[in-house]
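Each structure below appears as structure tokens.
One chain, chain A, links the two complexes that follow: it is found with chain B in the first and with chain C in the second.
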Partner chain A sequence: MPARRAAVIGGNRIPFARANRRYARASNLDMLTATLDGLVARFGLSGERLGEVVAGAVLKHSRDFNLTREAVLGSRLSPATPAYDIQQACGTGLEATIAVANKIALGQVESGVAGGVDTASDAPIAVNEDLRKVLVALNSARSLGDRVKLVGKLRPGQIVPEIPRNAEPRTGLSMGEHAAVTAKEWGIGRTEQDELAAASHRNLAAAYERGFFDDLVTPYLGLTRDDNLRPDSSVETLAKLKPVFGRGDDATMTAGNSTPLTDGAALVLLGSDEWAAEHRLPVLAHVVDAETAAVDYVHGRDGLLTAPVFAVPRLLERVGMSLQDFDFYEIHEAFASTVLATLKAWEDPAFAKERLGLDAPLGAIDRSRLNVTGSSLAAGHPFAATGGRIVATLAKLLHEKGPGSRGLISICAAGGQGVVAILEGA
Partner chain B sequence: MSLAPLYAKAAVGAVLPRRGSGLPADEVVRDDVLVDRGHVAEYARVCGFALSDTLPLTYPHVMGFALQVELMARRTFPLPLPGLVHVRNRIVATRAIDAGELLRAAVHAERFVAHPKGAQVDLVTSISVEGSLVWSGRSTYLARGATPPPGAISAAADELPDVSDEPVAAAWRVPADAGRRYAAVSGDVNPIHLHPLAARAFGFPTAIAHGMWTAARAVASLQGRTDDAVAYDVEFRKPLRLPSRVELRTRRVDGGWDLGVAGRVEHLRGTLRRSA
Partner chain C sequence: MPPSKMPADTLRNWSNTGLARRLGAPRIPVLRRYSPGQPLLEGGPALVAAVGDGRFAKPIAALVAEHGATVVTETGDEKLAAVVLDLTEIATLSELAEAQRILTPAVRKLAPSGRLLLLGPVSGDGRHGDHRHSQGNAEAVAVAQALDGLVRSVAKELRAGATANMVVVDVDTTPAAVESTVRFLLSARSAYVDGQVVHVGAAEPAGVADPQRPLAGRVAVVTGAARGIGAAIADTLARDGATIVAVDVPAAGEGLAAVANRTGGTALQLDITASDAASRLLAFVEERFGRVDLVVHNAGITRDKLLANMDAERWDAVLAVNLGAQLTINEALLAAPDLLGPDARVVCVSSQTGIAGNRGQTNYAASKAGIIGMVRALAPRFAEHGATINAVAPGFIETEMTARMPLGTREAGRRVNSLRQGGLPVDVAETIGWLGQASSGAVNGQVVRVCGQSMLGA
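Up next is the complex of A and B:
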């Protein structure tokens, strides 16, 4: 246990927008800067020098190598605030939070901002790999003869650009295809997936209705709510959709129970209790501990998005808690089937014994405590922004619940990784 | 929005006799204007502003510019539009304008005065929301060789501060098509900005950048470092020939910034001050 715990003071995000719609013209830098300025305005930090700002993006242009620092320089924060980028796929936002929280716990900084941004609309399109090689060689060619030879290597087909794909480099399978394998392995049915998706929309809509997001979301480009949200979504309407991932009659994953490509940004303000008090800011929750796990989804037995299954028991053992000790569970809904497979794995005695090395499974959770204000199926999932959305949401839920309440965050990520964390209400 | 037809009309009007030597008293007004966020996005990209929910400080100028041209193309306007040189621009914003607000834009002309090289006139753009002024822009144009009205006072010749001894804040490579790009988002299709051949017809060796583009890009570099209620005064000096490599210099002063853009010659001086 660290000597002190980092406090979650609050958060800010822009509404998430389905790709190629409302934020089609906004870059990652635009969205991150707007989100940072919204946070600065909400907490009166104009001109303030913070300990650091840590954020990242998954789909990133090469010109955005210093994305977060550029956002700081364009924001109302003091330009003397350092910043750096991290990238851990969908775990980016939570890993950024952990990075800042750890520095606060160690006393290296007193305050910081963490989160992420992603745009699937303004995606980086690169030149064809063959063309790129010729261009790189041309740049270093010394003689005219060499250049002429290289120009002779140019082919019309090289004009076809490289477009980023939502696929694993080592397997060539999309995330949905990977998730479909896991869903089948764990026998996750269509109806339970659709039920989870409908609950996500219902919970998110209800949270907006009761004003829960009033101090968590700042409108952007005329959008005031996540435009993927369908409050009237039901199991019946979701049942009509055709499967898009998996093959054959038992394919269960549809566009309705999978997250859409989304644009958005989310940030969290963290600090020491002393810093928060000096700035007369509330403390919503504290970061208790965190764990990151990874699985061999390429040649091993585990599914791409199953690393949190391993991360959570390790974390629980370290802090001496059981899976049932939480008031809220925030399990990122990459796909409904991912959440359900994760829960099923924790309930499975054989899996506990053989794979987790536990005498007994972690057991079932009270499902009424799961994603109570909706999650990615309804809000959408701008990859690196999801962690910041969840941390701020959970911190506020815990603050409403009262001191000592506890929440568990579990986020699966590309590359077979998973980031999990525990927050405690203040 | 292309102002080309109005330009053409003004060019024809320029050779026709003009009525009177005073300024028209009328205003050109647009009520209930809702900006197109897509257009704001394009403007922001061309000028270097981050895309946010509030309008870039210089954006209302392009809203008013169409109205300015409409006013100047009228035969009651005493000076010919072709050949007018934008020499000074002063923006006063009382607050940030949300891109979703319904705006009233109005333009009128005033201060038709004598200048050592001819005559100059101010075109004033006023942007208001629900009856209260939120932004105003005074664009001063010089007509070389033009005759001021009888008994006109002389233009005040106050220079803005020089920042050429400050270190370089940023170096800009301004490409040959910078004028065409800004013309596309501003509607200012004055031929001197579009192509070297067109510019040569008006006595410039190459196409030149729009002064308001230079002013916009300079203030965009200070985004996040300024207040919402500001006065931004710029003085256009020598034309910025395209393509060019120029340097931005800034100086922090009490209540704001002084700035300048220069290459081999000085192009722009500006002051940005918190406004009451």
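Up next is the complex of A and C:
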């Protein structure tokens, strides 16, 4: 146990927008800066020097090598606030939170901001790889003859650009196709996926209605709520959608129970209790502990998005808690089937014994405590922004619940990784 | 300051060209407005005089001199930047005539954007039975009331951006009590306040440490702060030293964050009509600041419709935002006196429409007139806590909203006042800044119009 725990003071995000819609012309830097400024405004931090700002983006232009620092320089924070970028696919936001929280726990910084941003609209389209090689060689060529020779290597086909793909480099399968494999393996049905998706929309809409997001979201470019949200979404309407991932009659994953490509940004303000008190800022929750796991989805038996299945039992053992010890569970809804497969794995005695090395499974959770204010299926999922959204949301839920309440966060990520964390209400 | 989307006053600009002057077109003045570091008065000395034994002339002369202006006691050849006449002790027609003899040469010499300020006795309300102006003395009461007609008329006669206003006092009002009001009405901060009569009572207010930053250290909540007049209020109060809590509906959060950040303040996204809005607001200021010194009720909406076509939704929405929320928050403030700073101030934004009425705005006018009633009712209750509550009633103010008006309507709106132009959001903000000062504690329950002495509702 660290000497002190980092406090979650609050958060800010912009409403998430489906790709190529409201934020079609906004860059990662635009969105991250706006989100940072919204956070600064909420907590009166104009001109303040913070310990650090840590954030990242999954889809990133090469010019954005110093994305977070540039966002700080464009914001109202003191320019003396250092920043760095990290990237761990969909785990970026939560991993950034852990990084800042750990520095706070160690006393290396007193305050910090963590989170992430992503745009699927303003995608980093790169020069064709063949063309790039010729251009690089041309740049280092010393004689006119070499240059002429290289220019002769230019071909019309090289005009076709490199477009980022939503596929795993080592398998060539899209994330949805990977998830479909896992869904089939665990026998996840269509109806339960649609039920989870409908609940996500219902819960998110209800949370907006009760003003829950009044101090978590700042409108951006005229958008005031996540535009993927369909408050009237139901199992019946979702049942009409055709499967898009998996093959054959038993394919279950549709556009309705999978997250859409989304643009957005989310940040969390963290600090020591002392720093929060000095600045008369609230402490919503504390970061208790966190764990990151990875699985061999390339050659091994595990699904791409199943690493949290392994991360959670390791974390629970370290902190001496059971899966049932939580008031809230925030399991990132990359796909409805991912959440359901994760829960099913924790309930499975054989899996517990063979794969987790446990005598008994972690068991079932009270589903009424799961994603109570909606999650990625309704809000959308700008990859690196999801962690910040979830940390701030859960911290507020725990604060409402009261001191000592506990919440578990579980986020799966590309590359067979998973980041999980425990927060305790303050 | 944000980029201005305000419409240009083309006619005013043209009236100041050489061609317009040769044609003999009336000149629409460019008003002198406040900027930090500016002297209180410019353009000549100030004439400060009294008829009878007025107790205010000397302290005001000292105040003016302290601000670097020369003080004279008689009109000479020079232009006068200000004329201050203490008439608080006059009670007879001959004393009134004496005032005219002083004022007539003085107004001829009044400089552009000059200030005429009268101090008069509060007209007979029977509260001071032993005084010359009690109801038993009809001549004294008549003379006191006569000043009202005098100041309102001379305000209409003055040219080149000069204004005329009056402060009326009680028998026990001290010179210290009127200081912040005199300073405001003489300064360029009151550019668009004209033809107004302000009562300054007997409360003994706190002094001002730094007249350049009269709101230093004060926590100010401004509702409807995301844009327009609300944003100008936040900017102006912050310029004067206040710490801003900028409040607006969650949907306006983007503009709100910008206002909060450029004023170095804090943004609170809150629908003030929500059932728990008052408790959320108070909990917020308590947590972040431990107290509130100034609450500016500025948030307002319009849902225009002729009464014959008015639906309940339009009526209810306007009354809820413009009046209901203010009532609720004010009651909550009175129920939490520990949260009120030692010299707390509440300023409510009413409207000329609440005084004059306007076709198609029964709901809006009702709400804005209601504010005036509320302010008068709550003034004694806030006074119990050393606090005050006042209203400002803007006239035609140049905003994004007026920029969208048809040209004819806009031109008419701009010209029907003594200064022959629209006011700016900052004019409303400066007036609120004055009422928000700790040193303005003797001004309570007042409604101050910021309208360039509009003919509407006058």
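Quick notes
Just so we're on the same page, the second predicted complex is superposed on the first by the 426 of 426 C-alpha atoms of A that agree within 3 Å, B and C clash if a C-alpha of one lies under 4 Å from a C-alpha of the other, contacts with A are read in each partner's own complex, and residues count from 1 in each chain.
Basically, contacts are C-beta pairs under 8 Å (C-beta built on N, C-alpha and C of every residue); 3 or more make two chains touch, one makes a residue touch a chain.
Remember, predicted model here, so these are calculated numbers, not experimental data.
The superposition on chain A brings chain B into a clash with chain C.
In the overlay built on the shared chain, the residue A:43 is in contact with chain C alone; chain B does not reach it. By the touch criterion defined above, A:186 reaches neither chain B nor chain C. Using the contact criterion defined above for the overlaid structures, shared-chain residue A:383 touches neither chain B nor chain C, since it reaches no partner. By the document's definition of touching, of the two partners only chain B reaches A:26; chain C does not. By the document's definition of touching, of the two partners only chain B reaches A:74; chain C does not. In the superposed model, more residues of chain A are touched by C than by the other of chain B and chain C. Looking at the shared chain after the overlay, A:219 reaches both chain B and chain C. By the touch criterion defined above, A:329 reaches neither chain B nor chain C. Shared-chain residue A:346: touches no atom of chain B or chain C. Superposing the two complexes on chain A places one region of chain B into the space of chain C, and among 74-82, 128-136, 164-172 or 218-226 that region is 128-136.
With the contact threshold set out at the top, residues 34, 37, 76, 219-222 of chain A are in contact with chain B in one structure and with chain C in the other. In the complex of the two chains, the chain A residues touching chain C come out as 34, 37-38, 40-44, 46-47, 76, 211, 213-215, 217-222, 224, 280-282. Contact residues of chain C toward chain A in the complex are 246, 250-254, 256-258, 260-271, 274, 287-290. Against chain B, the residues of chain A that register as touching in their complex are 25-27, 29-30, 33-34, 37, 73-77, 79, 219-222. Considering their complex, residues 37-38, 41-42, 45, 50-53, 99-100, 223-225 of chain B touch chain A.
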